[in-house]
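The chains carry the letters A, B and C, assigned in the order they are written, with residues numbered from 1 in each.
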Amino acid sequence: MSILDSKIPQGPLAEKWTKHKATIKVVSPANKRKLEIIVVGTGLGGASAAASLAELGYKVKAFCYQDSPRRAHSIAAQGGINAAKNYQNDNDSVFRLFYDTIKGGDYRAREANVYRLAEVSPNIIDQCVAQGVPFGREYGGLLDNRSFGGVLVSRTFYARGQTGQQLLIGAYQALNRQIAKGAVEMYNRHEMLDVVKIDGKARGIIARDLVTGKIKRFGAHAVVVATGGYGNVFFLSTNAMGSNGSAAWQCYKKGAVMANPCFVQIHPTCIPVHGDQQSKLTLMSESLRNDGRVWVPKKKEDAVKLQKGEIGPNDIADEDRDFYLERRYPSYGNLVPRDVASRAAKERCDAGFGVNAEGKAVFLDFKYSIERLGKDVITARYGNLFQMYEKITDTDPYKEPMMIYPAIHYSMGGTWVDYNLMTTVPGLYSIGEANFSDHGANRLGASALMQGLADGYFVLPYTIGDYLADEIMTPKTDVNAKEFAEAEKAVTDRIEKLFNIKGSKPVDYFHKKLGHIMWEYVGMARNAEGLKTAIKEIQEVRAEFWKDVKIPGELDNLNPELEKAGRVADFFDIGELMARDALDRNESCGGHFRLESATEEGEAKRNDEQFTYVSCWEYKGEGNEPVLHKEDLVFENVKLTQRSYK
Amino acid sequence: MSKFLTASIGRKFIMSLSGLFLMVFIAVHLGLNLLLIFDDSGDLFNQGAHFMATNPLIKVMEPILGLGFIVHILWSFTLEYQNWKARPVKYAKKNMSGASSWASRNMLVLGALVLVFLIIHILDFFVKIKFTGDPSLTEVLVAGEHMENTYALVSGAFMSSTALCVLYILGGILLGVHLSHGFWSSFQTLGLNNKYWLKRWQIVGQIYAVVVALGFAIIPLYFMFGLYN
Amino acid sequence: MADKILKQLKIKVWRQKNAKSKGRFETYTIENISTGSSFLEMMDILNNDLIEKGIDPIAFDHDCREGICGTCSLYINGRPHGPDTEVTTCQLHMRKFKDGETITIEPWRARAFPVIKDLVVDRSAFDKILQAGGFVSVNTGGVPDANAIPVAREDAEESMDAAACIGCGACVAACKNSSAMLFVSAKVSHLAKLPQGKVEAKTRAMSMVAKMDELGFGGCTNTRACEAECPKSISIMNIARLNREYLKARLSR
């Protein structure tokens, strides 16, 4: 346990954060001006952190690989953001939000962190409103809420179906204000390729200017990584095309421990894959399950005819439809949590009841709610989603049921951090989706936005001071130091190595292969044998990649293939670690389902005796197996129960 | 204020104000000209023309009107030049017809054509009446007042040349098309628009444009087809 | 609808090595594209073909592929985001094209959006405009309760209509004048419609317009092409509001 000190404050749960804030060190304004902080990534976490830190007086350098900070993939979140405001007077509270999040995460997150998240959640809403986020409102002018993700209260704030966009624009505006003041130096189209450590502490990064190909050195007193998740290891996911795990992976290689890498969320309502030409999956909001009924045919022959395109969904009579979620989970029905809904869809499709040509889709039918509520009500609720679906699939969901299938959506796992959000490398912080801290094995809907902004606005700006207070005597980092030179050389060497392979196949070829292995063996249902196969096959494809990848273009120019190659090279390693972690965790919890650990009815079975811990993997050099450390999870305020939705 | 006049919105503001001013002039001008076809004796028109030539207020307005034209024209060229500079490399393939009206994209062309017409028009009548004189401009007595027989000049010109009539019909139509965009656009630029008023301005603008085009075209048509007695 | 296969398409595309070099059109042939594929998937397939043939793939901007990040920016067959309405390039599908067709793809063209490579342009001018005033000057913390100031639902909705802008630049690309007025007005409206943003409405309108002019965008001549091609249907009524805010601001000093 030596390398893991979670620094969870002592005392009652509800007082931990307050006490902690009161006891950690603070940096004086005069000293803040001398301290530099690098923030990598400008999504909800990164943008809010960069802006808030600059407001405090620190000198901030912010980086994003996109052409503008506003493009970060937080922008794609649709549904909403949770906060324990209790505006609806429905007996919501900080504790209830904490409890829902811990339970939703299947008891694999830290109590103290989750409680703090719930505690600062109301401040987030206040902050966003003050910034001009146009949340949905009631006629009286006060904020409206919707319920979300099967919880018992209405605590989700929303801005139409574009909540992520509006929150990100809020943070981006705050960031822009600091850029205009000169408090933040913004580096667009720059990709972090390594973190630089001096005397064991994070002191800067190496980044590639994606337009000129120039490798540059940036020094600071602390580095914050806010680079999101690694879902694209699966090739097809709802992540943005450029979303990647490389920054977090370089941190891992420099000593930052990775936690729970096998915990990824598979979202049940995505538009299914068609053919083999697809590059990206599109998410349809979870809210659709409020009024849509999920089904596949009862009879195999109907399914076969659907797959061949001989009949349409409307040719199948009601009595021949299998509403399998309602059948299996009568009390929650179509509103079971994401992980459960996803697995159930996979089960039906694996049994041969899939409804599209590939046999990998189920129906989400609005016929019944249109009959019950009328088309107008459905249009008012989901009009824009229906339109989006029709644009993509050319099918009118008012007339024919939607086809949906699960897809990779979010990574709960990530860089291990202590209560201060610092990784195991001093001075290196990880926030938002990039860290592992708050969602355990399964994230609740509308909680990702909450966590990103909580970390960036209200946690990191306090906790980073505790570290920086001891750095006020440290002079400005010298980027000519030998550590920078070494790191830069390593980065350049790796890029040149990749570029000079000059093999025969494009990066996508290998990425797709990796994706298939991951989806097959490290996807919705995992077992020991499959995971071992995955590790072996990933190693094979990786070896092939390093021999035969073909990267065109130039090193000193905009070169998207070169960017992809670097990211995919890391995805192999991430994928392998995910498989290792999944292999170690021989229990089913949240999004992680081990076939060996299931009830007789095929439901997930947690094993609290053996696995109530955070799996923390330490890098031991190339070619060596990583070492597993365990952070035991202690639950003093909630009772662990088996989730049931029957 | 100088900052305002050089800002893109400021420039448009000037276009809009001068345009609205010219539209008022056009309405008055059209009203007066229609007298040509309502009284074949020419008395009404002559009286109108005489009033316009002698009324002190109109006399004051005349140079302002000229200035209005000049500002509207000069500004339009500088604006268009600025806008043209904003896209140094042009598109190879454009398909703008679905997104915007032809008139809105070609206001300068339309305006320039109207200007050509305007010059001919001024040379035809305004210069003759005001400065050079013309044999047909004899003195007549209407309602006890002596005045120039401008009716004879105008009606004579139309009666003697079909080509001139066609030119004036075209001029009226061009002006109408120019105004079909210009009218609502002026209010939009002044910020006097919202989701309710957009439709209203556009309808009024279309009616105005049609009235102007028809009104100005009807006069030469009237003479072309010999509808006078 | 069942997907069909487009047997052959000709892709006429702008190639430009970098900002300094002169560009030209190249035409490539691509075969067997499903009508169910998205336009950018077609580009991915074409690029993989080109790589295998040893030709530098076509650089184009894209990221979320869900129509919300605003990164994708192709001028296809004479229209920004191609032959469909209310979509971004990434949401455009191949069923909008015919077998055998020649598809012309160009970058956004505007002085303020210089080409970086092929179809990739530099839109940092948009960031600069927003940095000039597209924010509410509040620091983190110390703000009132979210429900302290009621906001009329209609105002919140109108603000949201404007805030839906994704900053893709299609308005500039569509405008015959390369004007950024729709983009600027969307931000001015978004904030001016809310009490929190109203406080700075005057200075915001003035400084953003000044920055827009400085960066070399053209002026608005009310052709409404921006609104028609905007993937989020941002209304030109926002431009009227910007004009109003701007005039008010100017007249009050």
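Simple rule for what comes next: contacts are C-beta pairs under 8 Å (C-beta built on N, C-alpha and C of every residue); 3 or more make two chains touch, one makes a residue touch a chain.
These figures come from a predicted structure and were not determined experimentally.
Comparing per-chain C-alpha centres with the mean over every protein C-alpha atom, the closest match is chain C. When every pair of chains is scored by its C-beta contact pairs, the maximum goes to A-C. Distance between Cα centroids is largest for the pairing of subunit B with A. In terms of their C-alpha centroids, the spacing between subunit A and subunit C amounts to 26 Å.
Subunit B and subunit C have Cα centroids separated by 38 Å. Centroids of subunit A and subunit B (each the mean of its C-alpha atoms) stand 63 Å apart.
Residues of subunit B in contact with at least two other chains: none.
Interface residues of subunit C facing subunit B in the complex, by the touch rule stated above, are 14, 25, 75, 77-79, 83, 104, 106, 109-112, 174, 176-179, 181, 209-210, 212-213, 216-225, 228-229, 235-237, 239-247, 250.
By the touch criterion given at the top, residues 48, 51-52, 55, 66-73, 75-76, 85, 87, 122-123, 125-132, 134-143, 159-160, 162, 164-166, 169, 172-174, 176-177, 179-180, 186, 188, 211, 238, 240-242, 274-275, 277-280, 282-283, 309, 387-388, 391-395, 457-458, 461, 504-506, 508-509, 550, 552-553, 557-561 of subunit A touch subunit C in their complex. On the side of subunit C, the complex with subunit A involves touching residues 1-3, 17-18, 33-34, 36-38, 40-41, 44-45, 47-48, 50-52, 54-57, 59, 61-71, 84, 86-87, 90-91, 93, 95, 116-117, 120, 122-124, 126-127, 130-132, 134-141, 143-147, 149-153, 156-157, 159-160, 163-164, 166-167, 190-191, 193-194, 196-197.
Within the complex formed with subunit C, the residues of subunit B that make contact are 3-4, 7-13, 79, 82-96, 98-101, 104-105, 107, 181, 184-185, 188-195, 198.
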